[in-house]
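The two complexes that follow have chain A in common; it is paired with chain B in the first and with chain C in the second.
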Partner chain A sequence: MTTILLVEDDKNQRLLYEQELSLEGYEVVTASNGREALEKVQVQLPDIVIMDINMPKMDGIEAIGKILSKNKEIPVIINTAYSNYKDNYMSWAADAYIVKSSDLSELKDTIKKVLANRAEDS
Partner chain B sequence: MNNYHSTSNFNTTISRLRDLLNEYRGRPLDENLSEKIENAFLDLEAGIAGQGAEITKPSENTEQQKERRKFERRNKDKIVDAIGIGLCLLNKDLKVTWANQTLCDWLNLKDSPVGNTCHDIYHCDEIGTAVCPAVNVFNGNVSNIIETWIESKNRKKMCVHHVAMPILDADRYINEALILTIDATESEKTVHRLLLLQRLGQAMQGILHLDKLLHLILTCVTSGYAFGFNRALLFLINKELNVLNGKLAVGPSSHEEAHQIWKDISNKYGSLKDILDKLDYSHNIDTPLNTMTKLMVYSLSDTKEVVILCAKEKKPIIIKEAHNDPRVTEEFRKALRVDEFVCVPLIAKNKPIGVIVADNAYTGEPISEDYVNILTMFANQAALAIENAGTYKRLEDKINQLTETQQRLIRSEKMAAIGSMLSYIAHEIRNPLVTIGGFAKTLSRFTFTDSKITTNIDIIIEEVKRLEKILNNITDFAKPSTLEKVDMQICEVMENTCILMENYFQEKNIKLHKEFETDVPSISIDPAQIKQVFLNILINAVEAMPDGGDLNISIKSGIESIEIDITDSGKSIPQDLLQNIFDPFFTTKPNGTGVGLSVSLKIIENHGGNIAVESKHGKGTRMSLILPIK
Partner chain C sequence: MSLQNLQTHDKIFTIILAGGQGERLYPLTKDRAKPAVPFGGIYRIIDFTLSNCLNSGLRKIVVLTQYKSFSLDKHLRLGWNIFNNELNEYIEQIPPQQRISDQWYQGTADAVYQNIYTLEKEQPEMVLILSGDHVYKMDYSNMILFHKENEADITVACMEVPINEGKRFGVIKTNEENRITGFHEKPSEPSPSPNNPEAVLASMGIYLFNTRTLVKAIIDDAKQNTNHDFGKNIIPGMIQLKRVYAYPFGDENNYWRDIGTLDAYWEANMDLVQASPEFNIYDKDWPIRTYKKQYPPAKTVFDKNLPDGRTDMILNSTISEGCIISGAKVEGCVLSPDVIIDSRSEIYDSIIMESVRIGKNVKIRKAIIDKYVTIPDNFNIGYDPEEDTKHFTITDSGIVVVRKGMHLI
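Presenting the complex of A and B:
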């Protein structure tokens, strides 16, 4: 089963994504900040990471940097309420950039696309 | 014995006259005139000597003597008139005993002045006072000189100087005073004009408002007080358009208008202060002459135009017969509608900046060279003042620009503040909205027996969508702009980057070799981002040469693209790492972020280009950047 590491600090939102993505048939592992995400990656390497940016302790950008410098093959999707991180060069390392919406279909489609691209490449 | 005395008296008089003339030299008085007087007096001397000889002849009868005396007197009168000065004898009661014709003409006397008191003919207020030359002379003092303005028989305004000299009788007693009246109009006018010129110059230099200044200049040219031309037109050179452009004209537009306002204008400005105080530059704006002048534009390369010629040669041009003069085009002649006019160049710092054209369209008075000379001097001062005003205006424009920029900056800072606040609120709201809407969507997938629940869930979903749409609009507003492309020379960007790194190169002992093609075309780029790319690559190159080395930068253009090669002579990149260097967060440096090259590649890709890398052991690394021309 495909494992998704979902990094999100908002408890209710985390619950929403967990429910919705589980319904799509993924195994969802959650982390509430960047530091926790790094720990989870060390325990179990996920197939894809969905990363919020604005988070306490360690923000998403830093976490992406740290994850990718060790495991550069993991695809990352940025899922944030902010559109302006698109201009941050650091965010370009991610495979996709999604502005959060109550309509989760964009997120779901992107996960499928990114995973498919990776499968093609390897 | 008696005769001897009278002759000697005349001689004394003459020598005194001569002394006086000597005294006059060096003062504002026409040299020619002095010489004329001198010659005339020589004649007079000869005549008197002759008379003396005649008188001593006792054999002649009285009738003959009378005839001869009459004849002699007429001759002497002629001589006296030829001198060109007014002469008058006053007795002790200050009554006129004799006056020559010149004086009578000058003072506009209809009847013989003999027997009148001097006051009646000279209309002078100094009579009997210590400043009266005649009184001084009768008191045995040296005569002073007084100056008055008179209007002569032929209505000419004249400035005259009066001076008195004593006439001694046989007993060396002062019996009469000879009043000499000398025409000093010309010299006085010259002095007056020079003074005026100086004062106008001072006044002009103090005016920094260009329109006001141009008006003052032309008002001076046309006011009776200063130059008294009928009309004056001012043209200025526009360097950007390479033309001479009519700017302003002062003067009546037609004969009718001239007749109507001529008196007003000539009487309006009595002094320089009047000109400055009463200068009204609104009433002239809409005159047909001014409108016509503003429409007059001549290309600076068109040397057939007299005004262009004047500006190019930097010399005044007097046109006497416009219809016969090859320097005047028909168009210009038709515009001015006069046969005689003068063009004077405005020269500042030895460069022509414009031309003043002046004429006497309504009085038809000929333009004298003297006037043109003074006008030329005036024009030089005017040109300097115009130049000053121009500089001031440019300065003023710059300050205005600066203020505007500052205001724009404040505005944009305000916008940025609003933007960041909006962005903060938008994101804070977006997060709970995602949760509300997301869960509502989850709920909508369940089936409810009560259809009301389904409807209500749909309402929540729709309303959340609406709110999200509003937030999108707000965040788009807050979003900073991304690529800002302008047409630019890539060599220039590289040059700027190198200048930025000059010190760094020196410190690290790097020798820079630049090889830029001269005709590399400008391309559409975001200079700030491209500069960032150059910086990243140059820093990498320098860091690859810790002990110094050679850094070669070459820029050449092909048909479709520009190639920028940056080659260092440092340690090469191991072949197995070459494929990774553009990966984000990949770095071999202990303190590196691993962002530089990946960002650089992203930027170049955004510009439609590519980066290739080549590294060989012992030969250093070459980065080749390709940017499309298109």
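Presenting the complex of A and C:
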């Protein structure tokens, strides 16, 4: 089963994403900030990471850099309420950048697309 | 080259790579980073690149350091704190921050990748990547102009080197428009330059990138298992995808040296003391800046009341301030400040660094004497390889290197 690491500090959103993505057939592991995400990655390597940016303790940009420095292969999708993090060059390290919306179809499509691209590459 | 039409380039961000370990320059790099190794009497190696930046109108410069950066940091702080921060002009020294990775720099591209955040604030149009351990004079403005005229994404500075030296360099193939069609880092059988069958077109390790191209390239590279090196990975990978051009470097003597080894270091210093030196540091249109301590003028001593021929003889040498040569013979040498050489000593073809004390009747030939070494009376260096090997480093071509602060008895 494909495992998703969902990194999101807002509890309600975390529950929503977890439920929606589980219904899609994914196994969902959650983390509530960047630092927790780093720990989770070390315990169990997910197939894909969905990363919020603006979080306490360690933000998503820093976490992406640190995760990639440990594991170069892992695909990351940025999922944030803000579009202006595109100016941050480290955000370019993500496979996709999604601005949050109440409709989760873009996120779901992007997950499929990114996983398919990775499968093609390897 | 001239400073008469100097224009500053505020859209260009310059990164000087100064993080190499410089193992092949050991023991000169025992206590200092390679760019901080003294050169030409009063300079440090990095002064040449920084002077080129200054004279080319580049005003936003970061120096990426890593190993043993204390002496480099001090030199930059004391000698190069010359730009006006209020005009957003600076030379900043950046040690590894471990913002992205908790490892040290894995290669030249990784060094830039780990400092990618420095580009964000400036949002420059282009990024110029330079090395802190080359000796040359170059007006980067011409390369920038060339890059713009060709609407290039990446421009690599290159020059012709003899074909038998080709395997030390990144060797470039170009078409008639100087667009790069092939790039091989240190090939075992380098292919000759189109204009000259005896030479190859060698990369000088100087790269000008459009910022977006650079950022994408180093991020993609960071996500792969490569050497994370501009010459080995980034440039060869970009040739098919982007407009990559070769800028032909040329000054009056085509002088450019990569100070990679102790022999290369010695030879480049010796290039300064020829009757008409191959590398001209006396060009008022291209001043080389450094940091200098205050010393009194250089002095020679001759005592006519002494009958034993204590006459100074100084030939084809550069003598820095504060030196006292007291009835000795100095030929083909580069003397840093505050060197004292006592009577009847003879020094040939050597580099003598700051505050070295040389006693009476000493003979030195083809040597590099690092700072604060004291050489007692009647001591010989460079005449008996067997004896020299016991105490000193000896290079392939027989140059004897005495490490910093060594007290000989």
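Throughout what follows, the second predicted complex is superposed on the first by the 122 of 122 C-alpha atoms of A that agree within 3 Å, B and C clash if a C-alpha of one lies under 4 Å from a C-alpha of the other, contacts with A are read in each partner's own complex, and residues count from 1 in each chain.
In this section, contacts are C-beta pairs under 8 Å (C-beta built on N, C-alpha and C of every residue); 3 or more make two chains touch, one makes a residue touch a chain.
These numbers were taken from a predicted model, which means no experiment stands behind them.
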Check: Sharing chain A, do chain B and chain C clash or fit in the superposition?
Finding: clash
Notebook entry, point to check: In the superposed arrangement, which partner chain does A:Glu62 touch: chain B (first), chain C (second), both, or neither?
Noted result: second
Next item on the list: Report for A:Leu104: first if it touches chain B alone, second if chain C alone, otherwise both or neither.
Entry: first
Notebook entry, point to check: Touch check for A:Asn12: first (chain B), second (chain C), both, or neither?
Noted result: first
Check: In the superposed arrangement, which partner chain does A:Lys72 touch: chain B (first), chain C (second), both, or neither?
Finding: both
Note to self: A:Trp92 in the overlay: touching chain B, chain C, both, or neither? Say first, second, both or neither.
What the structure shows: both
Notebook entry, point to check: Is it chain B or chain C that touches the larger share of residues in chain A?
Noted result: B
Note to self: Can you give me the overlap between the chain B contact set and the chain C contact set on chain A?
What the structure shows: 65, 68-69, 72, 87, 89-90, 92-93
Note to self: Residue numbers of chain A touching chain B in their complex, please.
What the structure shows: 10, 12-13, 16-17, 19-20, 54, 65, 68-69, 72, 81-84, 86-87, 89-90, 92-93, 99-104
Margin query: Could you list, by residue number, the parts of chain C that touch chain A in their complex?
Written below: 99-103, 116-117, 119-120, 123, 215-216, 219, 222-225
Item checked: chain B - residues contacting chain A, complex -> 423, 426-427, 430-442, 461, 464-465, 468, 472, 475-476, 478-480, 482, 583-586, 593-595, 598-599, 602
Checklist line | Residues of chain A touching chain C in the complex | finding: 62, 65-66, 68-69, 72-73, 87-90, 92-93
